[in-house]
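You will see two complexes here that share subunit A, one where it goes with subunit B and one where it goes with subunit C.
Showing the complex of A and B:
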């Protein structure tokens, strides 16, 4: 059988294609795959300090000792609880963003103006924002307490009590996430075809019913995307907590999220064998993220309607 | 949108209510920024921390003292330079190579996946996409160990170099963008004698400017606000990036609030500038990626 000759021009295209597509792939290989394999090995090894030459696999009888250590640590479970409580900011912000988007879509002028304003917190450095919120939440001179004092005559210790701290953090997170969600939701809302609404109003449907039966299903893919990505992000929350407590753990250790717990174990010099534990912790977190994503895709996605 | 039956008067009232609601929401978003600004401008810490909060300070109580102190008083032990300025320079040193090289690599790769034919193309593309699913936190510890072995801890290398290879998300976005360029233009360029790299440079890039800008802005903001990487790798003050410098600075200076606020304002300045300039491209880029 005659073999089809590949022309020189095509060969050249093959070469260029492989060459040009490679940089990100090389990056993935070097900076992702290789460390990931090392990470797996590390999670079942013991390592004193940071010297990789001194790393040794745990004995078979205790192979998952690192995992056991993390899973029996009450602080880890507390951190998991904390993380999930902070993740509540996601549905909250989605509801607020949905309301704001619905309002934005109904006006014609000034939309770009409001977009620009709502989006500002999203681009700002989280560190700078935490410093500001520290000022806002201050017991004595923070304006939030000013307002509350004016209305109720009492002040709230936001940063000193567990309840206050967690509420304040959830609120700050909602404040910051609204911008991005509003932009996505508004573009989704404005893409819904008007004919649906016209047909519905011809049939005598009230605006509320239109909202439930037309608007929500039409933008459910976007809400789902925001929910899934938001969930994965919330489970890895770290910067905000570490920054606002300046490295501390917050009242009753409520500022410790799972990644913060990991960071303390691996990078804070208080543990001799921290690296092994921290890596095991990282894989546990990864497993949680995986489970949550699977739950999202199996059950929550059923609520999403694709056309 | 939703058509509500009603008199034009009712419609007017509902419109006013909507604007009012949005105005209140916008006000709530902006209040913290006003607080930063006004606190940074207050003349003394006593004024800044006075209860009740002074919303509209007298003109005589305002000064730029805080900004001046920000740059002159707080210095790095080793070099004697201003902490904040050192942080800014380090961040720039990371930003520029990372953005330029990263955008180049991502866009070249996206071009190859979108417009060239080569063996294993699909496999490689799916491998790249799959890499986006890997959870990044499991890489924190092994990467640190590797860099420590190579002696690269406390340098800017770990923060800068990985980004220079391009990112999978950027490739994904740009490939969608590039595949919209009609093949006929590329054919015409080929007939004119341009070969593959020149086609990329002279044809694809100019046609995709909005997408490139959107991704560059996103990358700029991500690199600027990167915290956990620099936190782990940078150990001495002369290497801190802006975010770390700001955090260390604010943690230790809680008795001079205006200076901390001035620092926060300074750290947000680059984001504001870039945002003001590239706003529209930004929104177009985000809306596009969300609808995929």
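Showing the complex of A and C:
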């Protein structure tokens, strides 16, 4: 069979195509693929410090020693538990955002003002916000305890007890994330056809039934997107915990999330653990996030309506 | 018109941008023809002023070396230094906190200055406090001190601990403060840090109180016990080390072992040991009992108020401790000498210092803090940088720092001189620091190259101090993890 001759114009097009694709391809290679391969090698090596030339592969008999140690460290499992408890802030924030969005949609004037108010925490630095909340939550002089003390005659040790600490962190996360969620959900709600509600009301459906059977399915793709991205973000929580504890572990080690654990092992405990150990931990965390994402797409996506 | 306006604006913008470049670099003409040394450290405003003046003195009195002093933000210092040491652009000479030195040595960042110290005509190791020599001289494989071990840094100073007490509060609580060394006290019944005689209470700031005396005096200064107390709490001490060491205990011990899994032995957590100690034929509390005493100061042994204020969740934030004293919540506070400059600035009441407490039958013990000047292994100007280290760490530099209320000088002779002992500002009882420098020890945060083993349980200790957990449950919760972490330091790779 004769090979089809490629015309000069097509050849030129191929060359231009390759040339224009090369910058992002080089970027993926240099900043993604090569570092991933290097980190895989590092995860089966020892490196105490940051000088890569001092890296040494673990002996073959104990090649996956770093992984084994992570999986047998009680603190790692504790950090996983802490992370998933913290991730409860996601469904809470989605519910709160949905309620706020439903209320905002019915407002004709001043909607932009409310968008701005809700969005401000989202754009502020987490470090700055946690320092502010640290003062607000202070046992002795925080304004929240002053109010609680005034009403109930008692103070709550928000940052000194495990229950108080996690409640405070979940609340902070919800407060900071509703801004972005409200913006997306409100735009979704605004695009729902009014005819659906008219038809439903003609059939005698109550507002709650309309919300459940029309509103939620219509914006379910947006909720799903927020859920997946929010879950991935929650499982990588670190900055808030490290900032509010000033490098400590929190009451009963409840501030140690998986990434915080990884950070401590790689950057603070360079001698006893080091970068090899931290990289193995990073791969385990990536696997966990991958599994959670797969579960989301396989099962949670079934609830999404794309009509 | 529009064109003229836009040209003028562009010219102004260009000039403004060029101004920014004018601030780049140090344009001191004395840099020319001299060996330029980069020196990094952190400092508050007052310390920066004093150190800048000392650097200026050094630069002015000779024409061979120019030292450029760069102040780095304290909170970011370690990260910036480690990045610089691992890459290019590392300073020649820099501060190293005592708890980081072993880690830096293990990563080959630090230059061994043993030969330079031997040849030096200024640095006299015989005139240096033992705890400083042991802190900065160790074998880089075992991290243990020995006479011939390499020297990795010269100490900047020594932070000796003392009890800072509110003299006005003592007076209001009816406690008479006296200052008589034990050797000059006549009556045996008065050779105490605190005693009662003829219905009056006396506090002698030259004699260490026993644990029982501490509880007695603290009750007079704690509102839960004495409703007329001028302070809420009598006492505040963040660290348990002094109590452990006083009875002959410690937080960890090294166990020699022939186990091939380890390099000669391994470390073991001993905080929860229940075996009593013996000293001079007397039986002393076990480690667990010593820790229990310290934590009971907070929980008050099931009393409604402890003698110590409730522990904040993150007590490593020193400002919380400072404010406990400056706000007159606590009448007594244990801290190293580095607190002096802040208290001189912030205390609007009379205060002074007293020795840290000891067990009645035990030894006098307390912790010290310190940091050192070290040289970068990548510097090609180590001999020149060392000359500046000699100046700062030697008698002249130490005497200058002593005048400004900083830590205890690293030189024994300077500490025992009027430059340190005599002061026109509080504390006046500086003999406490000079005596403490002899018996106080380096903290357990320097025993090993990092603090993974102690960080695992330290925050949980607050739950014990606040009465939410017992020391027994803390030990059982963390013993396995801490010992596993400790074994990693000497495990064969």
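Everything below uses one rule, namely that the second predicted complex is superposed on the first by the 276 of 307 C-alpha atoms of A that agree within 3 Å, B and C clash if a C-alpha of one lies under 4 Å from a C-alpha of the other, contacts with A are read in each partner's own complex, and residues count from 1 in each chain.
FYI, a contact is a pair of C-beta atoms (placed from the backbone, for glycine too) under 8 Å apart; a residue touches a chain by one contact, two chains touch by 3 or more.
Predicted model only: the values in this text are computed from it and were never measured.
Contacts of A:196 after superposition on the shared chain: neither subunit B nor subunit C is touched. When the two structures are aligned on the shared chain, A:50 is found in touch with subunit B and with subunit C. Contacts of A:246 after superposition: both subunit B and subunit C are touched. In the superposition on chain A, contact of A:74 is made with subunit C only, not with subunit B.
Of the two partner chains placed by superposition, only subunit B is touched by A:131; subunit C is not. In the superposition on chain A, contact is made by A:273 with subunit C only, not with subunit B.
With both complexes placed on chain A, subunit A has more residues touched by B than by the other of subunit B and subunit C. In the superposed model, A:160 lies in contact with subunit C only, and not with subunit B. Judged by the touch definition given at the top, the superposed model places A:171 against neither subunit B nor subunit C.
In the superposition on chain A, contact of A:259 is made with subunit B only, not with subunit C.
In the superposition on chain A, subunit A positions 50-51, 246-247 are in contact with subunit B in one complex as well as with subunit C in the other. Contacts from subunit A toward subunit C in the complex involve residues 46, 48-51, 54, 56, 58, 73-75, 139, 157, 159-161, 165, 245-253, 264-265, 268-273. Remark: subunit C residues 82-83, 86, 102-103, 106-109, 310-314, 316-317, 448-453, 455-456, 458-460, 462-463, 466, 468, 480-481, 484-485, 488-489, 493 touch subunit A in the complex.
Those residues of subunit B whose C-beta lies close enough to touch subunit A in the complex are 1-5, 15, 18-19, 21-22, 25-26, 28-33, 35-36, 39, 48-53, 105-106, 108-109, 111-113, 116-121, 124, 127-128, 131, 134-146, 148-149, 162, 164-168, 170-171, 195-197, 200, 221, 224-225, 227-228, 231-232, 242-243, 246-247, 250-251, 257, 260-261, 263-265, 267-268, 271-272, 274-275, 279, 283, 286-287, 290-291. Within the complex, the subunit A residues that touch subunit B are 10, 12-28, 30-32, 34-36, 38-39, 42, 47, 50-53, 55, 100, 102-107, 110, 114-121, 123-129, 131-133, 135-136, 138, 140-143, 146, 175, 178-180, 183-184, 187-189, 191, 197-198, 201, 207, 210-211, 215, 222, 225-226, 236, 238-239, 242-243, 246-247, 259, 262-263, 266-267, 275, 278-279, 282-283, 285-286, 289-290.
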